[in-house]
Amino acid sequence: MTRWRVSGLRVRLLLAFALLGVTTTAVVASGSYFQARTVLLQQAQDAAVASLTDQLTKVYPVRRLPPTQDELDSLAQRLSDREGYAVVLYRDMRAQGAQVPEPLTPELRQAVASGVIAWQRVSRDGVPVLLIGTQLEVDRSSGTPVPSGLEVYSVRSLASEQRSIDRLATLAWLTGGLSLVLAVLLALLAARGVLRPVRELGRAARRLGEGDLTTRLAVRGADELADVARTFNDTAGTLERQVGELRRMEADARRFVADVSHELRTPLAAMTAVTDVLDEEADRLPGDAGRAARLVSQETQSLTQLVNDLIEVSRFDSGTARLALDDVDVAVAVTATLRARGWVERVHAELPPGVVARLDPRRLDVIVANLVGNAFRHGSEPVSVRLRAEPDWITIEVRDHGPGLDPEVLPHVFDRFYKADTARTRSEGSGLGLAIAWENARLHRHAGQAGSLLAGNDPTGGAVFTLRLPRVATDAGGVR
Amino acid sequence: MSQVLLIEDHQTVRDGLQLALTRQGHTVDAVATGEQGLERLRAASSDVVVLDLMLPGMDGFEVCRRIRQLGDLPIIMLTARNDDMDVVAGLEAGADDYVVKPVQARVLEARIRAVLRRTGGETRRAGGERSGPEQHGALTIDRGALVVSKGGLPVSLAPTELRLLLELAQTPGQVLSRQQLLEAVWEHGYLGDSRLVDACVQRLRAKIEDDSSAPVFIQTVRGFGYRFGPL
Amino acid sequence: MTGRRVARSLLAGGLLLTLFSAGCGVRPSEVITGRPAMSGPSVGVELYLVSRGQLTLVVRPANRVPSPEETLGMLAAGPDEFERVAGLTSEVPAALAPMGLAVRATPAAGGSGFTVMATPDGSGLTVTTVAAVRPLSALAADQIICTVAGAVARTGQGDSFAPVTIVGPDGARPARSCPIG
C-alpha cells in the first residue's frame, strides 16, 4: 500500500530513531558494562588481596630466617587452594604451588621489591590471571619494618570473573539489540502517526485537484499537522465558496441566455410567420421600401437561427439534450443532407453504401451541414466528404482545399462565437454552428466513450474535420 | 381551399400566422384558447387544426385529446420549445404532425397540405388499382371506401393512422424503414422525426391489435423498421 | 544537508568505534600497587648477616631474649652451618669479641666482653670492643650497628634507629644509624 521511498519521510524517521536508539543504548550499555567490569574486577582483586594478607598474618611471628626449603614449600602449599596457587621466593630459593612455567612478570617483582603489596592482571594462555605479590617484612619494636627477603605471590585465575563479565557483555549486546528493535518499532509507529495525516493530506489534495471541492480533512490534535489540516480545510472551503460562486454566476448567465432566447421566440414567431409575406411583397414595393422589407425578412431569419442555436446550446449546457435514435444508412443520410441544401453537385462524396448506424439522424444532419457549410465558407472547393466504417465506429471526414486552419485558431474552432476572422460579417452564421456540431457529436456515446469531432489540417493543405460516431449509440442521458 | 382552425394564445403570432395562411388561400379561424377552439369545432367544421401546445387554461395536450375524441380531424402541433418530452406527449395525445416555432408560413402550409392529402383523394389513390376490401386475418381493409374493420366491427382511424396502415399493408411481409414511412406518409423529405412514426404506430396498434404489446399486424423489426405481418 | 548527514554518521561511527576498541572481557593491566608490604613480629635472635654484599636479617630461634651483648657475641661468632649453606656470610671478625655495649652509665649485667653504653648525651649507644675498629669494613660496622640497635630495642633499652658509636682500643668510629628500614 505504501511505497518505501529511500530518502522518504518514513525511511528518514526510521534511520533517525534507529540511530538514536542505538547510540543511546550503546552509551548506556557500554557505560554500565565498563562500570560493572571495573567494580567486578576491583572487588575480586580486593578480595584476593585481603584473603592473601589474611592468610599471611598466620606466617607470623617469624621463627627462623633464612627459611628452610621445607618451610617454603609448606608455606606455598598452605597458600594454594582451588582458585589459585602461591609462589614463595627467598633469594634463590623458590617454592611454587603448581607446576607451571614462570607466571610472574619482572615489573611486578620490581614493584614488590620496593616494599608494597602489588598486583597485576595478565593473560596466561588466554586465561586472565591475577598476580598479587608482597614482601614479608619483620617488625621492629621501633622504626620501620625490615624486609625479611621472603616474597609471596598469589596467582589466581580470573576465569569466573571473565565469565561474569562475558555475561555482562552478552547482556549489553542483548539490551542493545532489543533497544534497536524497540527503536525501529517506535519509529514505525511514529512514522505511521506522522505519515497517516500526511498521506491523508496528500489524498485530499489530490481529490481537491481532481475537482472534488467538498474535500475536507479531519482535524486531530493540536500539532503542526493539525494546523496544516486546518489550513487545508480553510483553503478548500474558500475555494469551494469561490468556485460555487463562479458556477452560480455562470449558471445564472446561462439561464439568462436561455430565458432571453425563449422570450425572443414569441416575437420572432410572429415575425417569422410573416417573412414570406414580406418576401412576396418586396418585389412589388417601390425602391427603399422593398429593400427594407427584404432586409427585415432576411435578418429575421438570421435572428431566428441565432435564437434556435442559443436554445440548442443552452439545452446542451443544462443536460436536457436527448438523442432520438434511429437505424440509419449513413450514406443515404449524408446524401440527403447534401441534397436538402443543394450541395450535391459541389461536394465530392465518397460514401460506401450499406453502412448502417444507430444514431440521431437530425443531429447527424446538423453536424454534416455545419461542417460542409463551414468548408464552403472558409475553405475553398472542392470540398470532399468521406465515410469510413469500423466495426464499432463510423468516421466522416469533411475536407476542403483552402489554406487550412491557422494554428492559433485550431484550439478554438469549436468555441462558441469564435470568429477566426474578426472582420467577417455576422450574416455568415450564428457563430455557434461548430460548437453545436461538437456537442452533437459528443452526445452520441457507446460503452462509456463519447463521439468526437476533431479539427486539423491536411499536410497537403486544407482543413480536415473528422467526425467519429459509435455504430450503436446510446443516449448520454444528459450526463455531461 | 381549406378551413384551418388556429389555436394560439399569443396575439401577434396568431395574427401573423393567420395573415400568412390566409394569403396562401386558407380560410383561417383563429382563437386564443383551447376552450374557444373546441367550441368553434362544435359550431362549424374545420379541415385541420393548428394547435399551440402552450395555452392558458386547458393546455394543448388536453385540447388534442378532446379533438381526437370528437373525430379524426388532423392536428398539427405548434411547439414553442423543441422539447422532446412535449413532442412525444403531443404525439401520444393524437397529433398527426408538429412544427417548431418560430415557423415560416410556407413550412406550416406545406405540412397542412401534406396532412390534408392523407385525408382526401391522395390516400384513396395510394390504395392503388386494387379495389374492393382485402382481408388480412381478422382485419378488413377497404381501400376504395377507406374503411377498416376488424372482426366485422369498423375501426375508427385518424387520417395519418389510416394512411400508415395502408402504406404498410400494401406490401405485407416487407420491412419499411421509418425514414421511408416518413417520406411516404408525412412527406417530410428525409430528415423527419422518426418519433412521428413510432407514436403513430403505437396509436394504430392500440386500435387494431388484440394485444399491443405483442403486435400481430404491425411488427417491429429491430434495427430496420416496421413490417405488416406476415400473419 | 548531505554534509551534515555525513558528519552525523561519522560522529556516531566514531563513538561506537571508541566504545568497541575499549574491548570486552578482562584485559591485562599495569602493575597496581597497594598498601605497604606485609609485616609482622619475629621470635628469636635477630642478627644482620651479609648476603651478596647486602645486609640481611637472620632470625635464630631462641628460648629467651638475649642481652645486646650476647647478641653481639653471636654476631661475632658468624653464621652457623645452615646459614652458611644458605649463602650468608659475616664480615665481623671473630676477634672483635668481646665487645661492650653501653646503653647507660652503669655497665650491663653479664660478661660477654662487649660493653654497650648509652652515649653521654643520652641519644645514642656506644659499643666498646677489645679489638681495633678502624680496619672494620663499612658493612661489618653496619652489621654491628643494626644488630645491636635491634637487640637494644627488643630489650627495651633504646631505639632501633639510635645512632651507634663503635669504640675500640684504636679509637672510635663515627656514630651511625642502622641503614636498613
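Letters are used for the chains, namely A, B and C, taken in the order the chains are written, and counting of residues starts over at 1 for each.
One rule holds in what follows: a residue touches a chain if its C-beta (ideal position, glycine included) is under 8 Å from a C-beta of that chain, and two chains touch if they have at least 3 such contacts.
These numbers come from a predicted model, not from an experiment.
Closest to the middle of the protein, by Cα centroid, lies chain A.
Set against the Cα centre of chain C, the chain with the most distant centre is B. If you average the CA atoms of chain A and of chain B, the two centres end up 66 Å from each other. Our note on geometry: chain B versus chain C, Cα centroid distance of 154 Å, whole angstroms. For this pair, chain A with chain C, the centres built from the Cα atoms lie 89 Å apart. Touching chain A in their complex are the following residues of chain B: 10, 12-13, 15-17, 19-20, 23, 80-84, 101-106, 108, 177-179, 189-191, 193-195, 223-225. Taken together, the chain A residues at the contact with chain B in this complex read 262, 265-277, 280, 301, 304, 307-308, 311, 320, 322, 324, 326-328, 332-333, 336-337, 339-340, 356, 358, 361-362, 365. Chain A meets chain C in the complex at residues 19, 22-23, 26-27, 30, 34, 37, 41, 45, 49, 53, 56-57, 59-66, 68, 91-93, 105, 107-108, 110-112, 115-123, 128, 134-149, 152, 158, 161-162, 165-166, 169. Those residues of chain C that touch chain A in the complex are listed here as 8, 12, 15-16, 19, 22, 24-44, 46, 51, 56-61, 82-83, 86-88, 150, 153-154, 156, 159-161, 180-181.
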